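In the part that follows, the structures are each spelled out as structure tokens.
After this come two complexes, each holding chain A, first together with chain B and then together with chain C.
Presenting the complex of A and B:
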């Protein structure tokens, strides 16, 4: 019927769209076998990323949670939703319309609003955010899908047959199971499948309703992706793609004859294979995921730390030696961490803020004093750090230094030829699109204020406005605002210049020798991160043990060699065998460089709001 | 006529986890830290940076919705025109990526678009100039279109394949050209599909913060990002609630507007939650 050119045009169009849909997936599948981390270089074929993926306990438990939450929530939602639909059919039309409209709300509303509203409710009810809250949230947004799948089937159902069955002596129950149920079963099944799919794919609502130690695949992927390039994620994509392919194949290509579309057949051909695949998956994961959950005879400790800020072996060692199970969560910036602690919704036992955030938490009464009598190892920390901390933590009652460092400019020596010693290079038009800025309020403002010759603790509105205007002027030159990704991007030569913490700078240099680190002459920030115990900690005793453990010279050395951040522990430079680390000028800068550096102070809630407001103006400019 | 009680668990659940949470947002939006009444959180929306973020979100999401519609319509027509059996297979091809994790799909584009990403590497091998797409609003639109395209194709395909072919044939018999048939017959009949497609793309695109996070490099700030930052990196939950409330009202107004043009209100019968 179609003329030939039209048919060809249709084919080409279909092909192009399919290419558009699948090119990214194909790229990920290819990259999952690439031995090199880079996206531009083929480093040879490898199964390494798959091996790492299946040995990553975090990912496995996230997978476990995802399937478990999806299964439970879709089953509960199907039961409540189906019963609800049947009940609704029996209601008068006006209350029914209102109820259906209510059921529609989570479907129509923006996910972000649904997620936030549930989070506010859970916190108001003093529920600790975690597995249960995620489950409740998933059930809530799944029910509408079930109702809206079952309701049309009920409306089509043979009402007369039901009455007839009753007339012929069947009980209500009998009549329901024999007459109505078979009619609505396809609706129930498709509602269940929809609910299951929505639960598995949800990120936004989970993001707002989850707590520490509970990750679904989506939230886990989100935090991994924001840290930098993780080829394990490509491997994960490939595996997920294959599972989905298999599932769809089973659903669609199960033998089905038009004539025999009986109920039993439907169940046999579609539901059984899917259930089998899911069951096998759950079983496989359960048997692998169990390993890490074994420890914990002496209770647990919930640790909230910066991303990539500990040697994972240290955690295992701590669990083995103390019998305390560690629940470990990560954050990207102090500003992300703070509201979680201050809201009290999540009970962390030990947290690792920077000095200015610790000062804020102390001043707001969010912390409890540590028990120095059970911390003999604290004597390994150099006194000069405790002296600095004394300014905001008199008597060192709360804060135990963990790492320190400077903020400076990391540059690619092939792209930045001329020597420089000033922050001004970050405003140089010549490097348009080649600059990576820190996506963190205080760091971004801090260096700008220093460049302008002010204190990085300025609260003067004129100085801050001037800094804001500078940063707005800089924005067109900036390639991206990043936090943890900066390291991988500099290793991958994605940019010429970046603002970076000294530890990250050292690690980048270890992997890409074509970089150099400069602390500009205007001065910079010197920072100290340390352990504190929130007031609402449930395992304060274990938290004290954790802090003591972190100060042990062998542990501090392990962390130092793993993270390559400067350590305040005086024994480490004796213990470490890595001379490159020991003598690094990036990690242990000259005294005169340090003298020009300033520590951040907490500025009070008014100026903090001003900083945040000005930062928003920059970001939305 | 018993069994009305079967709706009780559903009604209780809805009250507890749909209605009350919305009142929580309203309550937070209309109070300050000390719990006293204020309009200031709502008025925050009037600040230049928030207006800008909302306007940009509207602009990008409308662009993404239109692009989705333009791309999806021909595909849905092609699929609907195919014989039974083959069309379900090809329709499956379009649904399949939707089943993969949404974040992984977005990350894939990061991989393709980066400065030293796959596309630029290929261009370099071909001695063509490199392109800069990542960290621009264009990249965000691309991410939206890629993620939400199946939500447009599916309802359009469902509606188009239900159109009785006899009607189009009669139109042709009565002398209408292919174009006239399309405009006068197919297009109006496919309206319910278009409307549910548009809502299923527009709402998540308008409120996204993930796509901007991953493909915007922190340089593209939409209203979703602002709200997320108010809560997660947080300055104020009260301001965040105020902004959410306005966003919610915005979404519902657009729903009402859409429903006006959709007399049968078949609306969002085919669910979709990216």
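Presenting the complex of A and C:
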């Protein structure tokens, strides 16, 4: 036995554990100071992302909300929880044990269950999801934490001291405030801090109970990160991490047991830091308080759009020109958006679904027709797109195209030397381990069905089974099934070929010129996102104005240059001054390529289940 | 019967005409149940001014509940409590002219010793000068001068309990309730504190109602003892009465050691114990009537076999300091004998008992009157 190598081994082991736990956070903190936008390149040290945070109105308002919700919810939860704990203590031991267990269950409950249940309750009570519902949710999930930290203090607080005080002539009120309260104060403060931390920390429950225009830091970070590389979010996450770290430190920092003047000690060790944190936060809150603007003189419009799917200046322009205040909310997928609309929990005024989702919403009667008479600018939209949409929206009564794109193959020109024009290259053994597929059932089946010469909306079981077998055969060649990472992986030259959306393809090419985009000759998918007005919209008139505004050539051009997605607006290619965009073959594909493309249709629940079943068979093969 | 002397009597069962002013506290037919458990069963009692009364009984006999009812922390299901002739049954604890020293350590740990003691005075908005004066006096009374600025955390168990007493007496209550205040202390400290309490009572001239399950403590300190079991009074009397003339097997067994027998009252002044006729002084138990008999171990005299009423043999001897404790097997009964004279193990002996020391008792009419250790 040689103790020295053993000691070194122990140290290495400890180090590895710590590394394992903290490496992700460290990576995030380091990246928040990285001048380069890329995750792969160190571009020098910078405070830029932090500086940008402070000037981002959306983030400041999210910060504002976070603090306000945390502060109010933790104060209310502390009062309710403390009262509850005192009540519990006065119960007989068996009912108390049962009640404490009942009070603790919500803590063990999965957040997602809590979140969904609260959302359902709010909807059932016909409450509009928003700031209030988030606040109620936070109060509700914080209470058990307060009870949990107050109850032990009450139990160990020399139980008889309350009665002793009564015996000495104190009233119930006096006995509580002079004797019990100082005794359990450390528990109350811990409970408050814990509730505060939980509130700041929470994402899932907030996510389900929030309404349009209300974001906390965590939901904001989530929606921003979903959209892709945004180093501001690393900075914001770092700040959030540090706040929570500080709070946890304060909660867990137990003052040593001191025989002298423990009250003074308590004040110094707990109350002062608590007060400091609150003071700093309230100050921050106050200084950012100006962010939230008053409602516009012509009312408001609640917009529910994809993340990063508009030039923020367009929103400002719209507000200025129309006097309508825009409440802007974002989603990441059609499937996230759909239940919010169908539940009716939130009255959105204008939403931007993809064509297949719009078809479903029309068929389910969730939408109201738009008023074309107040939309002169709609004439700027190419007829081609209205014609495509006519298949699911006869007479174009509901859907106004906003952006579109194709699905194609993005390839690295250094790795794929010979030219190709067919989906068949994705089944080429030569590129084994170099292929990235979309991790999405319709996209994966769509291109395979097209390759096999069928419609990408096929519901024929034989055709689908054939496609499944093709995909199973392809599986060994595929490096990964990915969604958002395609862009980064192609920029990083981690794969030779990938199935990609044209918008992302364009963005990738801007950062890595060694890529090319092909719409295979068998045809592909064309998708169209467009504006619709939900049936329960409260400001339909303003929603119509919004749609019209989006069709204005100057506005469409701003959006086009900002988002770099293909636009259905026929004036944009003339108006744009950005020659790179103007001449992009990805954004403006040849007409004959487009003619071979098909839109996804909503297939109904039966075929959808079949697709999903076959997709599972592929994934588990 | 010498119960007329007693400070405490069954208020309803005793017909004597005692002036009303003597009854500082009077409990009238108090009953209290927790769920199905009857803790106090039609309990009546009165307490005179300036006496040291002890409620004595095993755990769960209802003595602490009785004290909590007096303190106002429990409300009786039935019955009234009078204080100085005024009904206080529903009066809040803080309105009662009595203070409690609790069994548990109930000092206020976020306050200094002086602040603890001054609590009751502060609540009554006493002046600063008065508070200082009374606090110092109370500290002096409990022998802890100079402890004013200490924090309770730094006190020993005995000191903490003395502060608790000081905190109670500083309010000058008419009655001080003490709920096993010494139970957490070690033996030596407990004995010291017993004398302290007696001294305090003398100095303050107030009524003490003391709860304990420790018969020695009760015998040492009390003017009167109320023996309780299962929510009922078993006997009330001076310590001497309770010890020497237990009224039933429970009291006999609970107070001190004793030899308790299933016996037969042959006729007045003759009782058959273990089949042998013993002379006694008791009368009025009828003829050939089953009775219980108690003989205290120190009242058993060991003589030579032929001189004793019955014969036996010494089975074991233990030295107890002041006396020897001997186990004598006579007529298949193990007699407990205390004597300053040692008789070696294995010696045949005769047992002699002075008729005056044979205490005859009625057979229990209810389970609570039975001896806890009765075979």
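Assorted remarks:
One rule holds in what follows: the second predicted complex is superposed on the first by the 480 of 621 C-alpha atoms of A that agree within 3 Å, B and C clash if a C-alpha of one lies under 4 Å from a C-alpha of the other, contacts with A are read in each partner's own complex, and residues count from 1 in each chain.
In the analysis below, a residue touches a chain if its C-beta (ideal position, glycine included) is under 8 Å from a C-beta of that chain, and two chains touch if they have at least 3 such contacts.
Since the model is a prediction, treat every value here as computed from it, not as a measurement.
When the shared chain is aligned, chain C comes close enough to touch A:166, but chain B does not. Within the superposed three-chain model, A:179 lies in touch with chain C and out of touch with chain B [touch as defined at top].
Residue contacts after overlaying the shared chain place A:355 against neither chain B nor chain C.
Legend: residue contacts after superposition of the two complexes on their common chain; A:488 is shown touching neither chain B nor chain C. More residues of chain A lie in contact with B than with the other chain of the pair chain B and chain C.
Judged by the document's definition of touching, no chain A residue lies at the interface with chain B and also at the interface with chain C. The residues of chain B lying in touch with chain A in their complex are 1-11, 13-14, 17-22, 24-25, 28, 48-50, 52-53, 56, 71, 74-75, 78, 88-90, 92-105, 107-112, 114-118, 120-121, 132, 134-135, 146, 149, 199, 203-204, 206-207, 209-210, 213-214, 217-219, 221, 224-229, 231-237, 240-241, 244, 247-248, 251-252, 255, 268-269, 271, 273-274. Considering their complex, residues 71-73, 92-94, 99-100, 102, 104-111, 119-120, 123-124, 151, 153-154, 164, 167-168, 171 of chain C touch chain A.
By the touch criterion stated above, chain A contacts chain B in their complex at residues 10, 13-14, 17-18, 20-25, 27-28, 31, 38-40, 80-81, 83-84, 86-88, 90-91, 99, 102-114, 116-121, 124, 136-137, 139-141, 143-145, 147-148, 152, 172, 194, 197-198, 200-204, 207-208, 217-218, 221-222, 225-226, 233-234, 236-237, 240-241, 244-245, 247-248, 252, 333, 335-336, 338-339, 343, 433, 439, 475, 478-482, 492-495, 608-609, 612, 616-617, 619-621.
Note for the complex: chain A touches chain C at residues 158-161, 163-171, 174, 178-179, 182-183, 257, 259-263, 266.
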